[in-house]
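Paired with subunit B in one complex and with subunit C in the other, subunit A is shared by the two complexes that follow.
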Partner chain A sequence: MFNVASPLINGLKITLQHLFKKPVTLQYPTERPIIGPRFRGLHALNRFHDRSKCVACYLCPTVCPAKCITVEAAEDPVTHEKYASRYDIDILRCIFCGYCVEACPVDAVKMTETFELANYKREDFAYTQEMLTDKK
Partner chain B sequence: MEYEILGLPAWYYIAMVAKVLVVFVWVLLTVAYATYAERKIIGHMQVRLGPMRTGWHGLLQPIADGLKLFFKEEIIPAEASTFAFLVAPLIALVPAFISFAVIPFGTTITVMGCKIPLQIAAYADKSGGVIDVNVGVLYILALSSLGVYGIVLAGWSSNSKYSLLGGLRASAQMISYELAAGLALITVFMVSGTLSLQQIVADQAGFGWYAWRNPFLFGAFIIFFICSLAEINRTPFDLPEAETELVSGFCTEYSSMKYAMFFMAEYANMITVCAITVTLFLGGWHGPFTDAFPLLSPLYFIAKVYSLIFLCMWIRATYPRYRYDQLMGLGWKFFLPITLVLIVGNGLWISVIGAGNWLGSLFA
Partner chain C sequence: MVNLTIDDKQVTVAKDATIYDAAKSAGIKIPILCHDKKLHPFGGCRMCLVEVEQMKGRLIPACTTPVTEGMIIRTSNVEIIKARKLVLELLLLKHPVDCPVCDAAGDCDLQNLTYEYGVSKNPLQDEKFKWEIDYINPLIERDMNRCVHCGKCARICDEIVSFGAYSFINRGIDAKMGTAFDGPLDCEFCGSCVSVCPVGALLSRPFKFKARWWAMQKVKSVCSYCGTGCQLTLGVKDNKVLTTIYDENQGFHNGQLCTRGRWGYQFVNSEKRLTTPLIRKGNVLVEATWDEALALVTTKLREAKGGVAALATPRLTNEELYLFKKFITEGVGSQSIDHSAGYAHEALTSAAFKGLGEASSPSVIGDIQKSDLLLVVKTDAYETHPVIGFEINLGVKRQGVNLRLISDKKGKLSRLPGAQTLVHLPGSEVFLFNTLANIIVTEKLADEAAVTVAGYDALVKSLAVYTVEKGALLTGLSAEEITTLAREYASAKKALILLPLGLAYPGHNAPLAQSLLNLAILTGKIGKEGSGILFMAEKNNSQGAVDMGIVPGPGGKNGADIINGCASGEIKALYIAGENPVVSYPDRKRIEAALDKVGFLVVQDLFLTETAAKAHVVLPACSFAEKEGTFTSVGRNVQKVTRAIKPVGSSRSDFEIFNKLYAEFTGNPPYATPQSVFGEIADSVPGYGGLTWSKLGSDGFIRPVSNTLRFVPVEAAVTVSQPGKFALLTGSALNHSGTLSQYGEGPMMVCPEGYVEFGRDDVKKLGLLEGDKVVVTSAAGSVTLLAKLGKRLTTGVLFAPYHFGANSINTVASGDPVTWVSVAKAK
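Then we have the complex of A and B:
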């Protein structure tokens, strides 16, 4: 009889102990989560003078496992420097692995703490270079 | 000179209406807030918060839920048997509420010189003696088995395989567990010698609660409570509405207020069962100082009922659901023989040691 009852009572004890624990719930929109220093949120492109730092080396679209980055290279008519005329990220495909940041040789692409990326239209998730580049 | 209707004084009818209103409002409010309490308690037992948004700490959640259900679309399946489909929620709900008619929820109070026993189906005669339904327990047993018809009818009239299986399970479970529960109650009648709930409660005065009159009665108390959980389809015996197997069981096809009625019936049944257990085993409204302050007695009753409701919720947060064959095995092969042993043991105890209140006599 005791063998039948004791595990049942132990179970009740455990749930009763949990009743007095502090709940782990985060009241999300009012309470904000603690974001770690190496959090991988929405991408951003570092700025160098009047345009992004990107030199269009194609390392990030190459390493990207989700194939969400599109880069097109162009030549600056004045300085003859290679730059990215197009740098688009399809955030719906992105898996936020951060490989692009690791691969970048010139520290152009980084990841921010923005994680609330909900939007209304599919097109709104296609981030362009202007949207990603840090504002002056 | 008192005005009389059908041989009873007029205030008897006024007191009756007042008692009915108070009790049913109390039951309805408890039903509403039992859903809230359940979500809160289970939430905290799972280290969550439970409802928090509607009102302070989610206190308006039951009202919001009720409003939502009220405005939901009423769907009657085309293949359903319409009349039975509509009547089933009522059959489930009404017995859950009217069982309360015979439960004494307090001592006899005196209002403006009139003695009013706090029990709906009771009155004080001219000499001051309280007269109530002398087969109160039978009435409760009859109604509790009537409630399952609502579930069976809902399952059958929905014309859906999940509903039908849910209804079948409910009836099979009801039959298996009502036997053990009824036999557990026999131990109470052996001690009380009456079926009148007023007298059963009066016999438990001075901490002579039946639950600890003797070890056999304590066993009967535990078995009766567990069997009652099974009868009202609460976890861990909620097979008629097992989500993992039967979608939502007997109420799969129900929506809007008809679903809300099943939901209310479930919680009202829980309150009724807790109230019956309190009345039969835990001394009813008895507690200290009820003689000096009669209005304390309903509070003791409510406190005891709420503790048992908390126990139900605690059990729900702890145990997983029984498998169907285990459920049947538990009822027929474990509880039924044990209650028979309890009856014999209780009889021996009464004939050898006596049915008296030995614990109360220790204090006296």
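Then we have the complex of A and C:
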């Protein structure tokens, strides 16, 4: 009899203790979480003058294990510089490993604190360069 | 042979080998930047430093040091690695290290070695170069800031291409790879320099930023332009052929390509490609399904029974040509089938067949460098088959081969060391060669065995009229020149004749080839290594088309008669597979009128060509990159073509189309694959016996010949010059091949439109400037073209390339060896 009651009492003891502790549940969305400094959220492209810093070196699509990045390079007709004419991330495929950031030789791609990525339509998960580039 | 020890391994190599070669043969890798197996050793980069026991105290460059008996070599130790690292640090000191935006990244020797040797930081510091980048020419981008001064570009341009576009200029730290007067690059744009550049200093502009090297699939295939049969590596990504990739281990040419092979690949994914079948409804061609189009073709060909003819392009694979022949002869029941207008293959089908017993060249491309004397008929051999031109360059410059050019104009080959060009009057070739043969007979220089060859007496009898005096008069050469040439040719131990063929060379027909064969047989040159005659057929599979019997059968019409039959209404339906007669056959107006008259015209092509625009049904076919099969090159090399991409749009390979029609018309089951047709070819086509798909391997297989020699006397038709008129010679431009290269961006960037070339004196006489427009008029028609000023033509001789659909020179050209034209400045 005693053997049966003892775990039950122990359990209730823990429950009782928690009644007097600060709750861990976050009242999201009214309450916001504190995001760690190395959090890997939605990507963003750093800006350099009028376009993103990306030079279309293709290292991120090469290293990406989920194959979610599509880059296309183009040549600036005046300066002959290489830039990304297309930089798309299919966020549904992304596994947020951060390899793209690690691979980037020009510090163009970074990961932000944005984690609220839910959407209604599949198309809305395809992020284009325009959506990803930092606003001026 | 020399014995030596490399890294404790016993190695035996030839005595002219270098340490680098010896190590390579033993499978030991020595890093290099400035060395290339095709070029003379340079010893510029010092990456290949090794330690030799007998020469201790300093490190020895492996690429320039010949081996000696008993050498003990170390290719890697602490000191060597330190020295190599220093070399890399010194190179990286000036190198911009802009790998993220450099197209060479991934295929860059400097990058790979830096990674391999772990050079992650540089103790040295200096400013980078600030050279201006050459963006002016359309094909090659020159960024001398990235240059590592290996000198490979200058060396390949000198040694193999023999153009000499580059040289080191300036001294010390200011030294750089420069062009003439440090101006923009203006050369023949073969791109050999781009292919050997170890870094990204020289890059392909059409491919710029298109893809990363590692992201491309590399597919080995065979070039589909000229008949040389160069092997290619195609860079493929996302079902698109993006570039050609250099592979120094490919083919007899060691990966060396010409301007059109390297830059002319864009036709494969051209936006102009046909993607659906088209059927004529009234005056317009409307899109249709394959079922509709093929049903219409079937009905109409059946209706026209007895009046069907076919023309095929020798760009198709052997399997397709074989199947086409079967479909036309067995299925449709017509013997009127031909290619290349009926005359461009005559040298093989008529002359070689009569004189040698087999319609192919007795010699192979490898004979060029093994010969003692090359007799090249027309300097155009370089323009029609540029990579064979490189072989001639190498033969002359490296092997000391004597070069004699018999031509109606000078050309690039005329500038080779020791080359002699005999510039004769246009159209007098046959007379000249008959004269040479006559001299050989009268001076008793002929080979002893020649007397026993069938037809000897008849030949000697026929040659009597070709006296030196008359020859000198008719050819415009001096009697001495002719006699010397005859003696040189007859006395040379090994002598090889090269004759380019093609639609633009109506004079290179059966009589000319026959006179050359008589000459070669007379001097006993056939059947020996480095000797004989090489007919350089124009298209990638011209030899294959001849082998597969794309020539009229018994009672059938040849190319010229098919066109005449169309005009007379005798031919009711014409099936054209890939040919573009409107542009490429002489006398365009007549061809157009003939094709307009045909009751039913089917054209199967990649593009809506000028000919396809006249068709009742247009069937979209596939390019070489989309199909499997074999091509037979000049010199009889049977090589495999690999499928690199999926068919564009709903286009089908010629094989698939013919297979369907063949099954429909004959009631036989269709063939399963091109390989099964190849099996049948091996069983039935002479020379292909015993060949299997796997036997072809990566280098192909040179199919054998068996020659039965015979003299066939030929009469020289005398070309009478017309006073006050110019002799117009048509030919091939270096950047183009047939009419296909018009759809490649690269060739069109350098040579976008037709022109007519004038000699120096005529320019003065007519008061012309480069780029002036001139009207060229002949009895056949008239055309307005750009004038180009050349130095290679003699007075009264004009040259024009034939490739272009717009302002095509074939409007003027009559199809005779020489067309007489009058020229006026356009108003």
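By our rule, the second predicted complex is superposed on the first by the 124 of 136 C-alpha atoms of A that agree within 3 Å, B and C clash if a C-alpha of one lies under 4 Å from a C-alpha of the other, contacts with A are read in each partner's own complex, and residues count from 1 in each chain.
Methods note: contacts are C-beta pairs under 8 Å (C-beta built on N, C-alpha and C of every residue); 3 or more make two chains touch, one makes a residue touch a chain.
This structure is a prediction, so every number in the text was calculated from the model and none was measured.
In the superposed model, A:Thr15 lies in contact with subunit B only, and not with subunit C. When both complexes are overlaid on chain A, the residue A:Asn3 reaches neither subunit B nor subunit C.
By the document's definition of touching, of the two partners only subunit C reaches A:Ala56; subunit B does not. Of the two partner chains placed around the shared chain by superposition, subunit C is the only one that A:Ala73 touches, whereas subunit B remains out of contact.
Looking at the complex, you find that subunit C touches subunit A at residues 99-101, 105, 133, 135, 208-212, 214-215. Subunit B meets subunit A in the complex at residues 41, 43-49, 52, 314-315, 317-319.
Here subunit A touches subunit C in the complex through residues 55-59, 61-62, 73-75, 80-82, 105-106, going by the rule given at the top. For subunit A in complex with subunit B, the touching residues are 8, 11-12, 14-16, 18-19, 21-25, 27.
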